[in-house]
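Note that chain A is present in both complexes that follow, paired respectively with chain B and with chain C.
Presenting the complex of A and B:
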């Protein structure tokens, strides 16, 4: 059947649409594939997500308001307690301490990682001009990141052993210290974790920042040379401002990791001694998985999630504004 | 303000790009280098700017040899093909950047940037970032950045080739009227012959290794020194017909061209007898109806092979017994494929080249 279209803006009056276009049965042999393949492709991941992410999340939100523990869970005998779990979490000194530890970790761990990454990435790009050497150095820097955190934890635990660890041995031999540092004493153990973490994870922001530097347009640097800007001025006025967003993204990635940082704490110090190296996520893990205070652990998880979500949303909003002004996003 | 001299400039990577290039741009002169892509035009600019180091030869700005000194001490300014604006800075800061790099005080910067901005009509855009302005405005901003520094030499690398036709025309006008550009030595690089013809006080046509011919636009167009220059200047491309000397004529398959006494003298004693005959399409026209060829014209019968109506004029390629010849037609006459026509060729306008060497006779 041919249909006549009258007076359209693009198709002139009396233009005729072809039959294949107006027909309802378009290529019927492929219909089953065309209809079901997309549904299957999207559906399977959605089901998986429902099973391993959405359902547990809803479960967690539910139990955050119940007095669930191991015993009650198996007896199906839990009851609604309102915000009781949240009160417990927010009023506990243990949580307050862990937040302070998190602030220290973010400032000196994550912060140091990003600063080191900027310095190393730019040095690698600007100073090392031999491309083979550059690749070799890059691989060496990335190596620690390829190790599983549990191994990194064990490794650093050995290296930092006060009596005969490699680090104390080296420091003593170089004459930097006269008595061995007690790396796992109260007040020091958090710093031991931070050292191991910086060693483990600096490569990630470094890779992000390095690739950001590689993709900056070379013509801009030539313009700067003709303008007469010196090395430091180029770094300060061109490279760093242009890398600002990339650095911010590298920071966000590590920032989010900090809120779920459990592995090294667990392997190296188990939060000790006397809970002096605990981070919020570790307490949630400890309370939920080790001590089966499921309701309280769920409340911990929600508090941590809420904090990180709020901070990161604000951060991304700012970032989007900056990117928009530069017509990148 | 000073003149720019380039003497015996050589540069190569895995093959030689510039081989003993000589060039002088006088103070106040607008010199256009035109040539096909990949021939080394941008390399020449980068060498003068100091972004590359010359393998041999010297670059002299205002009597001072700058071959071995870094870019910012040469007092040259360059615009880049890709504009190379700083994306994180406003238009104001972009234009001000050469002054900031030279530690000019801020009152002076304000004054000079606003002067340049109003000259280029971008004074409303000073607070925007490059991502928020159009291509033509970006180009003006880039131009502003070079103008503000008061350099001795301007280097402009295809500054308007990526813009759409209308803005290109507008900016081309602006190049004509900017006094600032008329006071210093300007070296302008383009692959667009019409840009070259319209802008240049002098033009240098670049072939492989260096400049093939330099001269005023008119000179180059009317007296091309060799086949390369003839082929590269002019649109549509000049007709080059391979011929052999036959007495007082030049023979090509299917056509023979009569020569004047003056032209015959040029051919006296030519050894191989192989001549490339150049005829501009402007000097070939199609006769209408019973029209007879005028004085100094020779007529050929042929059939239309390709007809291209371009609005203001049309291009007709006519097959005259096996030899193809391009003619420029008036806008009102229409032709069909295979139509029998008579073309009149202005014999006085022949360009005669030696086929072997490519040089003009």
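Presenting the complex of A and C:
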């Protein structure tokens, strides 16, 4: 494409900017056009999205207050039970346990991933000086992220097989353990999921932080070098403070994912054994889709929905601030 | 910490990076060699870390069931259809938000679109199923997943396209109008070429997310349409899991996203960090 600005096209000597583009008021009919073009452009995408999500959202809120299960649903025979479903959910040990599992997952999955991502991204940028090697390492590190959850789940399930799995035998050969670890026993299976998740998703915060580091202004580092600041000083006083927002965003992105984390749990353990590796989102899925307690599943969904709504709102506020500061939005 | 210690820390960091690479690559290595093993060798009491015999025919055996090839096609159709729809809608909205931020509903509307990507899909999974069941095309069809995946891909496309349109100078478009271009011409000949590289990277991100999606596919489709993600766990011989075929098939299914990523990693890194969200 080659646009000769101002030159050549004398054909449009009398042409002006269309009113809808400048949204300057000329005459009433053009004003209407100027007002409606942006709305028309936005309308189709917004209506599409609304059409997809509005009915399910209303349905969910309605059935959370009904005693609906699969049978009653098909017989159109459910009745209003008030906050009964919410009481069941919030007082059940199953939900309490899943919240504890979520805390563990957030600390040792999400939290650890971000810490690892900071260390690895900065190591990659600051310590690995060969740029070809750096690109190769980056591509290899990101590979696990390109796999669908069903492959990740199946692969780790296979490798963690207690009797003849690769991980146990590798650890045995290296002398790190003396008896095979029962990776899918109660109390351990959650950790197996967390390991697979760390493997799968550390690359996402890593990429975010790495590209954040790449876009830091070189002039600052130049100035620091002129002032004779050493590597550690630069890291502690310049790099880490300047990456604060980026690291926060990377963390929040993974944090929000924790509330929708279902697929690996489903593929690897189905929440088992004895519900010891269930996370809240998985229970909502399990209660509704496997156990047909639709009213209760809706209540679960709304509790999760409410928690994530709070977090998402806070995050979006923060994001607005950061984007404004960076003059992106 | 003194600067001398920092040099030592650098060495430790390199060692740590090495360990991490081992952790990252071992499962992929295991996937690769398992794909070449015989079914018997994958079930030995002591696993072999190098195949005794190589069985490249596993990669043909996965297609003994013709429908497995069909699953790759189904995934391709769904991912491509969804990508085109997401790009179309995302470009419309992104252009409006970038050029007319106030008239197009402003920050609140664009953030509402983004929030759709962040909410847990379980919350609407069940009613979504009934909703699509009532539609003429039913749940078990390409179109149902193409529409569903819009929930997470369209917000991504909208936001990234918005950023790319902002980067494309408004003055060029103005100049085109002054040269007598019609709005559509100006968009097609001036603005679109400027955002095209960005658009390609958005398309690839959307495509990979749709290609890899598992949860919706597992619930919605299964007989008339099957995506490869739901086929992988089904490679069994009675009660015995055929790990070698699972791994061979998953290796084949990994080729498109991995190739796309390697070729276009520069755009994707930018896309991922600007979008700050994943599916």
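One rule holds for everything that comes next: the second predicted complex is superposed on the first by the 265 of 329 C-alpha atoms of A that agree within 3 Å, B and C clash if a C-alpha of one lies under 4 Å from a C-alpha of the other, contacts with A are read in each partner's own complex, and residues count from 1 in each chain.
Note that a residue touches a chain if its C-beta (ideal position, glycine included) is under 8 Å from a C-beta of that chain, and two chains touch if they have at least 3 such contacts.
Treat the numbers as computed from the prediction; the structure is a model and nothing was measured.
Chemist: Using the touch definition from the top, say if A:147 reaches chain B (first), chain C (second), both or neither.
Modeler: In the superposition, A:147 touches chain C alone.
Chemist: Contacts for A:249 in the overlay, against chain B (first) and chain C (second): which applies, first, second, both or neither?
Modeler: In the superposition, A:249 touches chain C alone.
Chemist: So, does A:114 touch the first partner chain B, the second partner chain C, both, or neither?
Modeler: Neither chain B nor chain C is touched by A:114.
Chemist: Between chain B (first) and chain C (second), which does A:222 come into contact with in this model arrangement: first, second, both, or neither?
Modeler: After superposition on chain A, A:222 lies in contact with chain B alone.
Chemist: So, does A:164 touch the first partner chain B, the second partner chain C, both, or neither?
Modeler: second
Chemist: First (chain B), second (chain C), both or neither: which does A:193 touch?
Modeler: Neither chain B nor chain C is touched by A:193.
Chemist: May I ask you to name which of chain B and chain C touches more residues of chain A?
Modeler: Result: the larger residue contact count on chain A belongs to C.
Chemist: First (chain B), second (chain C), both or neither: which does A:238 touch?
Modeler: The first partner, chain B, only.
Chemist: Just checking: does A:59 make contact with chain B only, chain C only, both, or neither of them? Give me first, second, both or neither.
Modeler: So A:59 only meets chain C here.
Chemist: Quick check on my understanding: which residues of chain A belong to both its chain B contact set and its chain C contact set?
Modeler: Residues common to the chain A contacts of chain C and of chain B are 230, 233, 328, listed in rising order.
Chemist: Once bound in the complex, which stretches of chain A touch chain C?
Modeler: Per the stated touch rule, the residues are 1, 3, 5-6, 8-9, 11-13, 15-18, 20-21, 23, 34-35, 37-39, 41-42, 44-46, 48-49, 52-53, 55-57, 59-60, 63, 116, 119-120, 123-124, 126-128, 135, 137-144, 146-151, 153-156, 158-159, 163-166, 169-170, 199, 204, 207-208, 210-212, 230-233, 235, 246, 249, 253, 256-257, 259-260, 262-263, 266-267, 281, 284-285, 288-289, 294, 297-298, 301-302, 304-305, 308-309, 312, 315-316, 319-320, 328-329.
Chemist: Okay, in this complex, where on chain C does chain A touch?
Modeler: Spelled out, the residues of chain C in touch with chain A are 1-3, 5-7, 9-10, 13-14, 16-17, 20-21, 23-28, 30-31, 34, 43-47, 49, 89-90, 92-93, 95-97, 99-100, 103-105, 107, 109, 111, 113-116, 118-128, 130-131, 147-148, 150-151, 154-155, 158, 163, 166, 171-181, 183, 189-190, 193-194, 208, 211-215, 218-219, 229-230, 232-233, 241, 243, 246-247, 250, 253-254, 257-258, 261-262, 265, 269-270, 272-273, 276-278.
Chemist: For the complex, which residues does chain A have touching chain B?
Modeler: Within the complex, chain A contacts chain B at residues 217, 219-220, 222-230, 233, 237-238, 241-242, 244, 325-328.
Chemist: Going by the contact rule set out above, which residues of chain B touch chain A in the complex?
Modeler: 46, 49-51, 70-73, 76-78, 80-89, 97-98, 100-102, 129-132, 145, 149
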